[in-house]
Amino acid sequence: MPTIRVVAFARLREVLGASRQIALADDATVRDLWAALVETEPRLQGLESGLRFACNERLCGAEQRLREGDEVALLPPYGGG
Amino acid sequence: MPTIRVVAFARLREVLGASRQIALADDATVRDLWAALVETEPRLQGLESGLRFACNERLCGAEQRLREGDEVALLPPYGGG
Amino acid sequence: MFAIVDEPIDPRALEAAVRTPACGGVVSFCGVVRESADDGRAVIGLRYEAHAGLARASFVEIADEIQATMPEVRLAIVHRIGELAVGDIAVVVVAAAPHRSEAFTAARSAIDALKERAPIWKEERYRDGARAWIENRCGEGNR
Amino acid sequence: MFAIVDEPIDPRALEAAVRTPACGGVVSFCGVVRESADDGRAVIGLRYEAHAGLARASFVEIADEIQATMPEVRLAIVHRIGELAVGDIAVVVVAAAPHRSEAFTAARSAIDALKERAPIWKEERYRDGARAWIENRCGEGNR
């Protein structure tokens, strides 16, 4: 059961806080992580559109497998500039 | 015989100086002024290409008629910026 | 020259950092907090958040891509985060090049790419007390 | 905001002069004296001359034309004359607008028009002691 650190931004931070730990099944992917978060926080449901992920400071796809100690960033649609 | 003030820039200023007076025939045009200047200063001969004129701080054509006290500016091709 | 900062940005310092004696044209873009939102609502300020590491990496990547086609261009990209008031500078892009055409093209490309690719978020705060997260519209290169 | 000056230009002062709280994008172009001529010769400096009255009038006209199509754009155009050294700023154009697209377009149009239409002359001075009057090539919008 790897423990993953989740960091969230903007709208998602308002729901999840800036950062939290979550324990996942072995071989869990980023998609599984998101599903687990939505289960805990139903308010995340509508916030999937345009969402991007990064693992350990690199953008990654939802199929990325996670390991103990990974840090996953949840990146809602950008608004910089 | 109107007296015209001529102001010159860049290459033309090197030949004519910054400013000079010239007396022309009644009804003389800017073209006549230029011809008179070339007659006095043959080094002007090659410097006609791209030349523009202004009379009393407004761009004008070579057919513009000149009157006593007019100031004609001789504007070689621009190089600003 | 590529940074996320939480203090006011000095565009002149960035210009000095990118310019060399070979540069004949320097184009600076400053994105500034304006008093009204796109829907016309009165704005009193913004708050920006960023994933600092990824955002900085995206700036470097954007500059690398631009320099791949215009090797003589030099770039600086800095975005401010935190609370900003109307009139504050949120982002500065500076492009310096031997000729003006490359400098204009590079500065424009860099800010367009930043809006699309930099993990930065903007919350608008309105005079009526409301606030909202504003997303950059995709492919909206002409705003 | 439209001037021929014989002292260093302060781009920040021009930006402050054109900006309003409605402006979200400010684009500044600085034309700078560079160390080498287009033919590669080493340049030690430039001397600019202008017909000050006509040049200033051309700046106003250029801005009027741009504002005819983009009424929200605000512009400043200032050119320096006299002796300039490598690295000195010769010309500054600032365009401020609600959105960046107009600001970029206006700044670029203004400097292109200035090169074509402003009665200003440039003498390059080379390291070998030679000097030459340099003409802007016509229609050369991409340098």
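To keep things simple, chains are lettered A, B, C and D as they appear, and every chain counts its residues starting from 1.
In this section, a residue touches a chain if its C-beta (ideal position, glycine included) is under 8 Å from a C-beta of that chain, and two chains touch if they have at least 3 such contacts.
The shown structure was predicted, so the numbers you read here are calculated from the model rather than taken from an experiment.
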**Q.** Chains contacting each of chain A and chain C, listed by label
**A.** none
Q. Once you find the CA centre of chain A and the CA centre of chain B, what distance in Å lies between them?
A. 75
Q.
Taking the mean of the CA coordinates per chain, how far is chain C from chain D in Å?
A. 23
Q | Distance between chain centroids, defined by C-alpha means - chain A, chain D (Å) | A | 49
Q) Which chain C residues reach two or more other chains? A) 31, 111
**Q.** All chain pairs that touch each other
**A.** A-C, B-D, C-D
Q: Spell out the part of chain D that touches chain B in their complex, as residue ranges.
A: 31, 48-51, 53-55, 57, 79, 90-91, 111, 114-123, 133-136
**Q.** Of all residues in chain C, those that touch chain D in their complex
**A.** 11-12, 15, 19, 21-36, 86-87, 98-101, 103-104, 107-108, 111, 141-143
Q: Please give the residue numbers of chain A that touch chain C in the complex, ascending.
A: 7, 9-11, 13, 50, 52, 54, 57-59, 73, 75-81
